[in-house]
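Order of writing sets the labels: A, B and C. Residues in every chain begin at 1.
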Amino acid sequence: MGRVETRLTALGLKLPPPLQLPSNNRTSGARVGNVLYLSGHGADLLDGEEVKKRGKIGGDLTEQEGYATARALALKMLATVKHHVGELDRVKRVVKILGMINAVPGFEHHNRVLNGASDLLFEVFGPDAGCHARSSVGVSGLVANQCVEIEGIFEIDDALCQDNG
Amino acid sequence: MGRVETRLTALGLKLPPPLQLPSNNRTSGARVGNVLYLSGHGADLLDGEEVKKRGKIGGDLTEQEGYATARALALKMLATVKHHVGELDRVKRVVKILGMINAVPGFEHHNRVLNGASDLLFEVFGPDAGCHARSSVGVSGLVANQCVEIEGIFEIDDALCQDNG
Amino acid sequence: MGRVETRLTALGLKLPPPLQLPSNNRTSGARVGNVLYLSGHGADLLDGEEVKKRGKIGGDLTEQEGYATARALALKMLATVKHHVGELDRVKRVVKILGMINAVPGFEHHNRVLNGASDLLFEVFGPDAGCHARSSVGVSGLVANQCVEIEGIFEIDDALCQDNG
């Protein structure tokens, strides 16, 4: 088991299956050289029932429930990264994430929701590789009324790359 | 005529003019090395009257009308790509698109609207070069109340590049 | 003083402090090779009281006030770029910006608001390096009800790069 997955285990985390999309016209991630672009990972495609998947944050769901969902999405993003590059140790840096938060009008804490993802990435990869740029935005709707969707850009170590993208 | 444009013809498709922006302060596409970033292509700047340009999907417009508009936008994006790199055969891969869907509150099928673009890209470029990452998001408004706007990232074959970006 | 900062002075502009984020789990900008990705720069983190920071454009704030805020945000983005690459002369090109405009339902001029940023980047860097791809989108909410948030992608001259990203 690699360094990053050992760290996941130490944090009590287990990789879920990578993102499975309902159509073949697109993919969960596409790589250009040493940069991997992940598709939006939406809460509705999370596994299990541990976290809330649908509803508006600040209305149907609390900010804390949104945080937990964002954290679960970040873990699923790592599973998708592994699927595309073979091994999480090949991640040189988390470059950027965009958090789309399905919130009620007047909600003002999209950043705190997205911290669920940022905190996890920081915990797993540490202050250098884990520290990323990001934007968080309130959206008026998401597929299936899911509460959060996150897309991401990851830098991959070229020397260690398999071509599985 | 190149391979990709031959394919377009076989599909009964014809490239429209590339995106023309109303101001010189920005461009329809900017290239960094082998990556071309396209500006958001909005329905209001589509040519002709074949598809719906304005209104909220799920209210003023149906999901099917949104699909048709997204398909027309993807075709216009290809015209813009050609403008910037000279020849569509230089597209090595469609990397990622972001679909901004101007929908009524409660609309849950942004993905089906954006499939208009993804299906076209897949049909034109095939399962390797055409299979892309993407995110679809419901937005509360777009310029001119246009119904759909799509931005995209394309990988260009460096060996075949003209510097027209 | 470098060429770009001399130009800023000639335009009567002064760089503010770079973006400071409230948490260490993320950074204001992350670089991959010669590409620098900036985090969303939100109006609420602007300095001083010269421009409007909070409220919905088209309701609480006018389009012109939004333009001024977007212009101030672009200037702050340049301060952040300088922080990450050491010197603004290292900017080879402004590649792309995404403007998230917190507007009232029915607002249709998100592009005119974002012109505040595009015009400044064009004035500072000129028609080659300053001409960028962009998307502007109406969002249903932003952190702290700030009126505008902008993220950006900048091409950096590798030969001139310090590793400060």
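Everything below uses one rule, namely that a residue touches a chain if its C-beta (ideal position, glycine included) is under 8 Å from a C-beta of that chain, and two chains touch if they have at least 3 such contacts.
Given the structure is predicted, the values throughout are model-derived calculations rather than measurements.
Residue numbering shows that chain A and chain C use the same positions for less than half of their mutual interface.
If you lay the C-alpha trace of chain B over that of chain C, the rotation comes to 120 degrees, to the nearest 5. Separating the centre of chain A from that of chain C, both taken as means of CA atoms, is a distance of 25 Å. Among all residues of chain B, those that touch two or more other chains are 98, 139-140. For chain B in complex with chain A, the touching residues are 34-35, 93-96, 98, 101, 103, 105-111, 115, 118-119, 121-122, 127, 130-140, 153, 155.
Put simply, chain A touches chain B in their complex at residues 22-30, 32-33, 37-40, 98, 100, 102, 139-145, 149, 151.
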